[in-house]
Every structure is written in structure tokens, then in C-alpha cells.
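Pasting a structure below so you can have a look.
Order as written gives the chain letters A, B, C and D; numbering starts at 1 within each chain.
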Amino acid sequence: MNDENGAARANDDHRSLRADVVLLAHACHARDWAPATAGNFSVRRGDHIAITASGKDKGALDESGVVLLDLRGAMAEPSHERASAETALHLALYRRDPSIGAVAHTHSLAGVVLSRRALRDAGAAARGAHVLLEDYELLKAFHGVHSHAHALRVPVLANTQELDVLAGTLDAVLASTTHTPLVPAFLVGGHGAYTWGADLPTTLRHVEALETLLSYALEEARLCGAREAP
Amino acid sequence: MNDENGAARANDDHRSLRADVVLLAHACHARDWAPATAGNFSVRRGDHIAITASGKDKGALDESGVVLLDLRGAMAEPSHERASAETALHLALYRRDPSIGAVAHTHSLAGVVLSRRALRDAGAAARGAHVLLEDYELLKAFHGVHSHAHALRVPVLANTQELDVLAGTLDAVLASTTHTPLVPAFLVGGHGAYTWGADLPTTLRHVEALETLLSYALEEARLCGAREAP
Amino acid sequence: MNDENGAARANDDHRSLRADVVLLAHACHARDWAPATAGNFSVRRGDHIAITASGKDKGALDESGVVLLDLRGAMAEPSHERASAETALHLALYRRDPSIGAVAHTHSLAGVVLSRRALRDAGAAARGAHVLLEDYELLKAFHGVHSHAHALRVPVLANTQELDVLAGTLDAVLASTTHTPLVPAFLVGGHGAYTWGADLPTTLRHVEALETLLSYALEEARLCGAREAP
Amino acid sequence: MNDENGAARANDDHRSLRADVVLLAHACHARDWAPATAGNFSVRRGDHIAITASGKDKGALDESGVVLLDLRGAMAEPSHERASAETALHLALYRRDPSIGAVAHTHSLAGVVLSRRALRDAGAAARGAHVLLEDYELLKAFHGVHSHAHALRVPVLANTQELDVLAGTLDAVLASTTHTPLVPAFLVGGHGAYTWGADLPTTLRHVEALETLLSYALEEARLCGAREAP
């Protein structure tokens, strides 16, 4: 292979990575999970990730609004755009688990409201805060879950603007999780959800499953009187 | 009729059966009743049924994602796809009632939340668990119902991953139903709804009616204080 | 004017009447106010009304699904279709008020749930049952309302399958209403809303206003504890 | 520059101003924030503002439904249309803050219901009525907000049909606000929200952020028992 062919191939790969990010962002924006330029989305192949640039309207996103990084977060291709401020969390996920192929960070109503509620219930230390999703058939949409009779605890982290601190907390939470299969998601309080999967279709399915399950749990919290859902 | 013509006609019939399944799946996906590859849909003609393959995104479904079976569940045409895991329930319905022409299995929020609530109310044995839909004009959308002054009890079955067990329970529930007209629907707890009708348009109407009626009942359960709906 | 020209003109008028009915039905179906073939829609010009035929899916409606009647309800043009079963209510409105140019009958969740609640609150006789809409700016969308400081009482009638009885009750309710401006709407318990206006654009505005106002009132009923909306 | 060129350029500017108003109105109508001809939208450039005409269906709006005014509210180009009745509030905003480039007035369910609730809580004088939005990541979508740890008090004004009185109250509220950054929004009780920004994209982002944040706050108000949100 001569250098010119290699460069052309790398170029094609990068374009396809960017297209996947656009697809993931559009799918989530269409469901109202990325309002007002919020949310960020990435896809990884080998040592590179493509991630949405900072401040983009996810409904109008095109490939020029996606930047290419290596796994330490350095720009892999020149761009006028800055990578999303939350890139550190995406990188922490990709570094911890090499099988992750895509990450979606969404801002849905259910994720925001249930994460605040979980933190309030967990008290000041916020240790062990989680949203429990249990006995729903749709849990089977998560890779490795084969029965509704499954208790999925989605961890909830307290929000902070110090992304490196948040990435460290996340790393600790993931390291301490002994459940199998691992839940491919966590929430940040009053902020939203992160979800991931081995590739783009799996990640899309996981996002849809998580958001739908959260909407079930929220609806059960709404039903009056005693709390009917955890 | 020579063999070649017969084969061509069978081929056309199968294509049309598959197209009907795609239409039913798309209509339900567009309403958010089949998220994250959940839900399955079938249409019957004579001794054949066409049913969605396992694990398909129902919004992106095309005819290659539909498989053709006979009424015992054997493949009637070669395919690389597996039939939906819940094929046993579709077959149980078609075998019990030869007038059924299509079956839709949806995962709506109202169906999931109300079915869990009904099972909790019914207690451990789950005998007689049901969602009561009564005094709604929209009940008349069900074949054979001619007045709003009608109490439709939608049976709720406890969920299990043993589909043959579930099919057996369903058969017993349907056999014991003495109401006339029969309600063309049942729920599975924390899972979703099955609805059917004599043909595709009737089944589409029944699905829309059931899901809308469940959303009424859920809204009334939401209204605070004493429960205002059964 | 010779006969042929007159017939051609009548033909054009009828086609335009039918097109208006299709437009009104599509607009309401798109908002989920006419599910599962429910709802019916009519437009009047002079001595003729065009009205949706019985049992049509309002999203797929075309002009062949609209029938032409005179004001006594007799077919004004031959058709294979039957006029909607609720034609009697449309005719009662057109006969009582010659200024009415279009009538929309919708089945929205808010209309169904609030009408049941109003009847329950009114007790067995259902006399005076109504939904009160008050102090909303959007009330000004109704013809003749010039301030939010307006108490609009939407009458609620008990449902019955005897349409002539319902038409008679409606006539009595409208006759006894002394408010000015008259509210261009009423509800039928567990059934839905009727709304009307002088022409098609006014009727579309009135339907949107009524359904939006009902969604406000329902949301306020949802908010917990003491009822916050009438 | 000769006069003819100047006139052509002014003409182009006006057309582009009108197109921006149409875009803003369509975006809000598509989200159900401008039902039944409600809502109004304006964009400013230099000494001119373009604003939606009175009584227009915002989904069907085109440039002929937008009028051009100077900052005192006088017509800057002849038109058969009247400017929106609420033009006085738009002008009050543009005059107070020369950095404002666009204003959106929306009628969302969350804005209507929460504003009524805030006024009721504030008591008869309605002094200091507000909706508190606090600790949501999405607050960062507002220009100048850099952390979720921010308490944004959205002022709520009592509704009145005397627009000049309302404009005066607004002016006083804005003048008395000492928070930095200023919240680019206020609510009118039972009526809706006004939001603004330096240009069209910022205003669109602010509207989406405000409406989404209000939907979070409403959802938390819905959750039963004690109020969980202010």
C-alpha cells in the first residue's frame, strides 16, 4: 500500500465515522432528547473517536460539526471547532472498555427528573444513588439481558462542572459494579443520561430502551399516593 | 393451472403478506408502540403467516425482515432470519380462532404501566387480573361493540420467558371468557399488549382503539387522590 | 345561465365542500384527535352539508369518503357510503344557527377525561355539568371573546346511543344559554367534543383553541393535592 | 452609492428580516408553542423590526404575514396587515436593551400552568411572582450561564389586556433585576412566555431551553405528595 492510498482510506474512514455521529445525533434530536444544543454523541473506530463539536444544534448537525480525536483527546484532524466540553466522559468510557463503539449523551425529561429524585432520596453523600428498572420486558433490549426478571440499577452521579472529577467518579462507579451484565448507562443529576454499546445500531437500541424504560419509571412515580416505583 | 403459474401466484401472495406485516409494524412504530426493536407483528392468509423476524428495528423494517411460517411454526420459505421469539403467542391465537387475520404486539407506556398495576392489585395469584375499560364511546371501535355502555375487561397475564407456558395460559384465559363480543386483546405484565382482528384494517383500528383507551385509563389513574379509574 | 353550466357549477361547489371536509379531518387526525376511525367532520354551504362517511380512517380520508346531504339529512348526491352516525348532531347545530359554516367532532384524551369528571361531579342528573375555562389568554381565540377575564362554561352532555335524544338535549342546552358570546363547543361524556365556527379557518382555530384549553385544564387537574382547576 | 442601489439593499434587508421571523414562528409552531393563531415573533436589525401580523396561523405563515415597523411602532413599509396586538411588549424589550436581536412569545402548556401557579402562590399583589429554575445543566443554554449551580428566577407578570400597562410593569421588573446574567425571559399569567436573545440562533436556543426547563419544573410539580419543585 503506498502512502497516497493509505491517506485516501483514512479519509474515507473518518468521513464514515463522522456520518455515524451525525446519524446518532439526529436520531436522538428527533425524539427531543437533545434540546437547545444540549447532548453530545461519539463513535469510535480503532484509536480514533469522532465527537460532536461544542454548541451545535443537533437537529441541524452535519459532518462539519463533528471533530476527530485520538483516545487521549488530542485533535486527530485540524478543525475550527472545539470538541464537546464533555469529551472527558466519552474518553473515560472508551478507555475503560475497549468493546464500546459508540456513546450517546441525552437530556431527556425522564432522565433529568428521575436523576434529581434519586439523588434527593440518596441524601447528602449521594452514595449509591440509582434508578432501579426491574421486571420490564424491555430490559431485554440491553445486550446480555435475557429475561424481564432482572434488576437494573442505573447509577446516578452528582453533577459538577469539573468534568475530570466527574470522569473519575464514573470510573470508580464502573469499577465497583459487580453486576453481570454491566448496565450500559448512567445518569448525571439534573443533567441527563449516558448510554453506550458495541456499535452504532446497538447504541441506538440501548438509548431507545433506556429512555423508554425511564419514561415507564417516571409514569409510575407520577401515579398518585404511595410511590409505586422505586 | 400449471405449476409455474401456481408458484408465481404463491410468490405474489407471500410478497403481499410480507408487505402487510411491514405496514402494520411501521404504523405502530410511528406511534412509539414498538421502541428499541421491541414488538412483533403478523398477518395470516390460509395456512401461512408472515411475521417479523427477531431483533428488527420496526421503523427500518422491510420485507426482508419478515419470515413466512406455516401454522405449526415451521418455516414455509427459506430465510436467514429467525422468527420472533414470541411467535408461539401469535400461533396460539391463529389456531384458536380461524377468523383472526392479523396480530399486533405493542409495547406502549400505558400498556406496560397499567398491566403492572393490574397484577399488583390482583395479588400473588394474578387470577382474574384485568384492566377495565368502560363507558367510553371509543369502545365501539372494537368489532361487535355497539354502545359505549359496555364493560370491556382486558385480561392481564403475568410475564414469563417460557413462551409455551404463556401461550397455554392465554389459551385457558380465552377459553374461559364468556363475554360476547370477545375482547380482541390481552396484556402481559410489564411487557405490552396483543391485539388482533379479522384483517389488516380492522387490526390497525383495534390497536389504535386499545392504545387510546389505555391512555384514557392511565390518565384517569394519574388524576390525584382517590383512584378515579379502575 | 343554462342547465349545463348550472350543473357544472354545482359539481364544482360540491367538490370544494368535500375538499374542505377532508382538510378539517386531516388536521384533526394529525393531532391525534380522531383515532381509530372515530370523529366526524362537516362543512356547510347554503342548503347543503358535506360530512364524513361512517367508519373512515380520518388520516387516509379522501373526497370519496365524504357524503353530501341537505339540511334534513337526505342524500343530495348518490353515494355508496353512509353518512356518519352522528349526523343528527351536526344537523341540529346547523339548523339552530345559520351562521355556522363547519363542525368538528373530536375524540381527544383531555375531552374524554374531563367530560367524565364533570359528569361525576355533577351527580346523577347531570344537570349543569360543564368544564370551566377561565382566565386563559387563549380564550381570545374564540370569536367574540376579547379578554382573558372570561369564564367559558363548556356544557357536558351525558352520552347516549340515541342520537335524536342527544340532539334534543343539545338543542335545549343551547336554547337555555344566555351567555354572550355563546361558547362554540360542547362535550359528550366519555366521548369527545363538538366545536364549530362561521367558516373553515375559524372552526380550525376554535378546535385548536378548545383542545389546547382542555389540555391546560387537565394538566391543572393532574397537579396533586387539592384540585387546582375546576 | 446611488439611491436605487440603496433602495434595493433596503428591500433585501427587509425580505431577510421577514424570512427570519417566519423561521422563528415555524420552529415554535412545530413544537405546539403557538396554537390557534396565538403567539407572536419579531426580529430586529438597526432601527427596524419585523413582527408577525395579528391573527395569523403560525404554521401557515409566510412573509406576507409579517409587518415592518420602526422602534416607535410606526409602519416602516405599507401593509394591509396589522401588527400583532402585543407589539408594545416587543418594542419595550428592544428599547430597553439594544443588544436584543429577536423576541419570541410562545403559549406553551408548561408556561401557562406554571405561571398561574406562581401567581396563586404569590398572593393578591403578585409581587415577586416567579418560577424558579435551579440546578439543571440545561440552564447553561442561556447566554452567560456557565454552571448548573445557578438559580434562575423567571418573573411572572399578571395578565392584562392593557398592553401599555403590561409593558410598563415589564420595564419596572427588568429595571429592578440585579441578577447577572439577566434571565432572558418572563412569563405572563395564564398566557405564556417571552424569550429573547442577541440574534436568531441564540433566541431559538433560549426558547427551546426555557420551554424544556419549564417542562422539567412542571413534571416535578406533578410528582405527587409534597411539592418537589419550587
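Going forward, a residue touches a chain if its C-beta (ideal position, glycine included) is under 8 Å from a C-beta of that chain, and two chains touch if they have at least 3 such contacts.
Because the structure is a prediction, the values reported are computed rather than measured.
Colleague: Nearest 5 degrees, what's the C-alpha rotation angle taking chain A to chain D?
Modeller: So the angle, rounded to a multiple of 5, is 90 degrees.
Colleague: Using Cα averages as centroids, what's the distance between chain B and chain C in whole Å?
Modeller: Once rounded, the distance between the two centres reads 33 Å.
Colleague: Please report how many Å separate the Cα centroid of chain A from that of chain C, as a whole number.
Modeller: 46
Colleague: Give me the residue numbers in chain A that touch at least two other chains, ranges are fine.
Modeller: 222-224
Colleague: Per the touch rule above, enumerate the chain pairs that touch, sorted by label.
Modeller: Chain-chain contacts present: A-B, A-D, B-C, C-D.
Colleague: With touch defined as at the start, can you tell me which chain A residues reach chain B in the complex?
Modeller: 135-138, 141, 146-149, 201, 204-206, 208-209, 212, 215-216, 219-220, 222-224, 228
Colleague: Spell out the residues on chain C that touch chain B in their complex, using ranges where they run on.
Modeller: Where chain C meets chain B, its residues are 35-38, 57, 107, 109, 112-113, 116-117, 120, 159, 161, 188-192, 218, 221-225.
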